[in-house]
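See below for the structure under consideration.
Order as written gives the chain letters A, B, C and D; numbering starts at 1 within each chain.
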Amino acid sequence: MNTFGRYLKVTTFGESHGPMMGAVLDGLPANLPIVPVVIAAELARRRPAGDAVSTSRIEPDEFQIVSGLVDGRTTGSPLTILIPNVAQNSHEYQDIADIFRPGHGDLGWYHKYGTMPGPGGGRLSGRETVARVAAGAIVKNILKEQGITIFGYTKQIGAICAEDYQREFIEQNPYRLPDRAAARQAEKLIADLRAAGDTIGGQVVIMAENVPAGWGSPIFDKLDATIGQAMFSIGAVKGVLFGDGLSLATMRGSESNDQMGPAGPLTNHAGGIVGGLSNGAPIVVTLLVKAPPSIALTQKTINTKGNPGEITIKGRHDCCLCPRIIPVAEAMLALTLFDAFLERKSA
Amino acid sequence: MNTFGRYLKVTTFGESHGPMMGAVLDGLPANLPIVPVVIAAELARRRPAGDAVSTSRIEPDEFQIVSGLVDGRTTGSPLTILIPNVAQNSHEYQDIADIFRPGHGDLGWYHKYGTMPGPGGGRLSGRETVARVAAGAIVKNILKEQGITIFGYTKQIGAICAEDYQREFIEQNPYRLPDRAAARQAEKLIADLRAAGDTIGGQVVIMAENVPAGWGSPIFDKLDATIGQAMFSIGAVKGVLFGDGLSLATMRGSESNDQMGPAGPLTNHAGGIVGGLSNGAPIVVTLLVKAPPSIALTQKTINTKGNPGEITIKGRHDCCLCPRIIPVAEAMLALTLFDAFLERKSA
Amino acid sequence: MNTFGRYLKVTTFGESHGPMMGAVLDGLPANLPIVPVVIAAELARRRPAGDAVSTSRIEPDEFQIVSGLVDGRTTGSPLTILIPNVAQNSHEYQDIADIFRPGHGDLGWYHKYGTMPGPGGGRLSGRETVARVAAGAIVKNILKEQGITIFGYTKQIGAICAEDYQREFIEQNPYRLPDRAAARQAEKLIADLRAAGDTIGGQVVIMAENVPAGWGSPIFDKLDATIGQAMFSIGAVKGVLFGDGLSLATMRGSESNDQMGPAGPLTNHAGGIVGGLSNGAPIVVTLLVKAPPSIALTQKTINTKGNPGEITIKGRHDCCLCPRIIPVAEAMLALTLFDAFLERKSA
Amino acid sequence: MNTFGRYLKVTTFGESHGPMMGAVLDGLPANLPIVPVVIAAELARRRPAGDAVSTSRIEPDEFQIVSGLVDGRTTGSPLTILIPNVAQNSHEYQDIADIFRPGHGDLGWYHKYGTMPGPGGGRLSGRETVARVAAGAIVKNILKEQGITIFGYTKQIGAICAEDYQREFIEQNPYRLPDRAAARQAEKLIADLRAAGDTIGGQVVIMAENVPAGWGSPIFDKLDATIGQAMFSIGAVKGVLFGDGLSLATMRGSESNDQMGPAGPLTNHAGGIVGGLSNGAPIVVTLLVKAPPSIALTQKTINTKGNPGEITIKGRHDCCLCPRIIPVAEAMLALTLFDAFLERKSA
């Protein structure tokens, strides 16, 4: 379904080439401040920057809040955000209307619904995430007022890994890399890929600082389980790792256990979540991001009749999703944590 | 909460040292065959084998189905399985009743509920998974009758990686490794760790073959998202990766896209799920399993009053969770896929 | 929360004096036809007719479907309907902004949310039901294509009871009475009440014909239980009765049991639902509708500070809710039945 | 499904002639006291008293709490209650195994599940409510500690109406009538019905005192809507009315509005709920209870093959459900109010 969350239910709607995208947030407590400029700022972070790494479809994302808001504060009723689509171009998709694009969900969609997802990928489009970012911006800001900071950065693009960590540099480069040298390498890599009509994968890290201990649940709704669902609900995320990630496979218990002192855990190998519950250490989650599947190279595929053929995808698409996925993943982490916060209140 | 699934709702209950564990399955269609011997076999696969790798607490797991079953078939009403606990030994836990065990959820639990989880970890114990395996065995068998096969194996224990793949060997060694040489290495590693009072992490692979295309949902309930939640709901799982996993970070779109022919995808880099929907290829998910946190070595920690101290955990615990986590993960995958199957029927 | 249904989830949003009302329908199967003129017709049935019985706030209800629809058919993605508000007049409410209106939910709202519901009752306004009627019109039409007919009529207004039953007359008079003589009496009663600044209660009957046997569930989600929730979710409904209603209190089992023959139940005392499951007979539900609480007479009340005072409500409001509640109740019955239909498909 | 509640989820299981009935309560806050003797007392109130009005199947209802309880207090984990069945007698049902009993849900069950519900009505049996009463007893007691009192009485049995109201007399007579004269009349009526092999309907009133204002929700989960669902989920309830009930149909707004003073509502025509939210006045709900359908008289019916025939139901069944439905309805009201209480905490 199209709803996320159990206490704060966020429902998104809209297709890539329809008139608008939108989100309904049901379960926001009353009297919380909504700051439109903060929402706009997050939407701007998600928006392609006009550089080589991202798509050239740039939407203004001029949103409107049409319910649930009075005098800048929530009312307790559903808050609805509408974000018009203005820059869609369906002509690019006419030639491939019945052909399954490799790496996209077209084939699965067709088997499930009996139709193609429509121009621009319809509901499957990354455009859908604009509604998540708008919804996430609201709760991210509320959490921020409680002292909880959520942010992310690119750890790896292809073979280029961030070795240095300059936090203030993250938002100063189009790759959201925290490493100046890596950013220079990435610029060249992206240019080469653009020229080749190809794309590249990578990894991003998303963090939440100052989450109190005891958020989450011990069994099926473990905090890492709900964060896991949230992250895998973002297209192109093919892996989710907490804390030290793959290194944990080769670590002994005596190495990977986070021993504790009066001030909290002495290490953070677990990434802030143990037994499904936050332990007060920063939540650290790494996302494995596959290369964008829309490439200019010719690929083998089939159409809805099962006939084989080839496809060449036109238009300019994202070359690497890492930088643009960060605000989306931050939004999903914010929504997940806010839900855990409301759950704590009711228990 | 303690319920998993949206169409088939599985609720588990019970504490490690309480009288019994149990599961209620609500949403099973009527007239499906239940085969007790199949449930018993799955419980046996989860049970410690009396070897070095696993805990020496061995429960007979003699289950009873007390509702929802008539003449060996489901009735459409909730099916309840009770599994008595008989081998618990609470004395081992008396000395550490108010001390947070590193690597366990004790601290988070205490912050959430205001009490300690109780002897043997109470509800946080791995014993809880016996109810999942029983529930999963039922649907795994129903899926099997539809031709869907679910199985798993250990890919890595510490630095030991399975290089060979002998499928029939998996269930013939206590590590569930598909590689005879690796199993021999593992035997030595486990013996050394036992001697040292330490434990080790690893990786397992879980697969589902013959899942039809079009299962799952395109947005928040993507099939990989619900599988992700299912897998992270298993204690000790700190990472979930689909298909080629980490390799996808360095792959180009032209490499990672699964091109298609009339017979299906030509490759399976994506692990059987694209755009949140199955594509007909085998579902392949890799789990990163941390080392069991109960170690015999002395560790720094604090108690419920915040006072620092040390803890040494007595008793024999699992030395590596990989082999025993496999039937649990298979059960969770079965429950997730069965839910997706029911969702397809209603749509 | 603001969502109804378990398989088809309908979320409504919007406040009486906000820019628009809306509904998101998530869970509609793909490829169902949506007929805008049918939606418009249902909205017209709900709209005040400009006569004495109803409010004089008349909205054009020019709706827009902004997602989930391609070429007149559902896509399987959330279908969103927006209905602008254009005729609101907040000035009427300025004098009573902090005074609890008797018979309205203002006091409860203030205790729950810490604020007043806002001009026109905000989210508490009957205007909210326009979104339900739009959503219900869609599924009512789909059910109609399956042969299931849903309709309603006014059974009683104050002391005036429908004695005659002319089905075709129902939609020909502003009271939706099936009895010409009663309609003439009602005209006079309403005129008198208008002159007195007062309002009146009544009863309506809602029916669904040709619902197959076996819809519903046997325990908490009994079909009468979900219909009951649906009906009580309509403001002003203070009673819900199935079949013979109050007469059942004095009937013996030998009288109230519906005996059966090969063609179905021989009587319909139960109103089409037995044991929480439909039995193939028409579903018959009677709603007790209280008098509209907005009256021109002076009433004692308190304000948000707890200070006593008086209130006189200006503007023209509905004089009797029976006729306008019928399309709303039909919509809620349609949504409930459609949910039961989808549940049957998944089981 | 078999789960009630959104914050406190109560799942019941078990069939009339199976080994046991049970309930899992998930969502109980930690550290609440559980008093077994209170649960036993409520089960005793539901148990047939060995008099003429009720069935002669008397179960000891010796329950066991097998999870979620430590040292007499909740742990925050699911609390499971098991109640063995010991007095079932399936022989009585062998002759009618494939015949639809009029007034029971057999026909609907058969259409839904493809099988008969089983001996004693299986899951459809009134025996199912024992699990509700056990679960309700827990939260009823917690609410009582908050000052909220829930109780009920019989208002009418057949044509016999309670004219007097002696609260202390309610639990002193087998009919739970608050009127000594009416109880004497009822005794004679029941004796006559027993002799005739027939049964009778009636009405009961359920009340909750001291519910704070502001519980409930304004739209679909109105407090009256969730109470309505709860009450209609009890077999034999065919009508639910709040406050003044049917009288509201003929009342003017100036009569039915509850005007307010500083101490609260000046009247309680609405039954304590306005706009879906509690207003601080006692919650008053009247249930219309149909006659028990199991009668000794011969009735026309069909079997699973659609062939017509007759049925005569053996054994002793309840003659009027009013007295025994009261503790069940109190339990359902308690569960509904507790859910609303938890919802208030999270908002």
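Assorted remarks:
As a working rule, contacts are C-beta pairs under 8 Å (C-beta built on N, C-alpha and C of every residue); 3 or more make two chains touch, one makes a residue touch a chain.
Quick caveat, the model's predicted, so the values are computed rather than measured.
Greatest centre-to-centre distance from subunit A is found for D, with centres as Cα means. Counting C-beta pairs in contact across A-C and across B-C shows that the higher total falls to A-C. Mean C-alpha positions place subunit B and subunit C at a centre distance of 47 Å. Distance between chain centres (mean CA atoms), subunit A to subunit C: 40 Å.
The set of subunit C residues touching two or more other chains comprises 1-3, 12, 27, 30, 76-77, 112-113, 123, 218, 347.
Against subunit B, in their complex, subunit A makes its touches with residues 1-4, 12, 100, 102-113, 117, 123-124, 128, 156, 158-159, 193, 198-203, 212-222, 224-233, 235, 237-246, 248-262, 266, 270-271, 273-280, 288-295, 297, 299-302, 306-308, 344, 347. Remark: subunit A residues 7, 27, 29-30, 76-77, 218, 342-343, 345-347 touch subunit D in the complex. Those residues of subunit D that touch subunit B in the complex are listed here as 1-3, 9, 11-15, 18-20, 22, 24, 26-27, 30-31, 64, 66-68, 70, 75-80, 82, 112-115, 118, 122-123.
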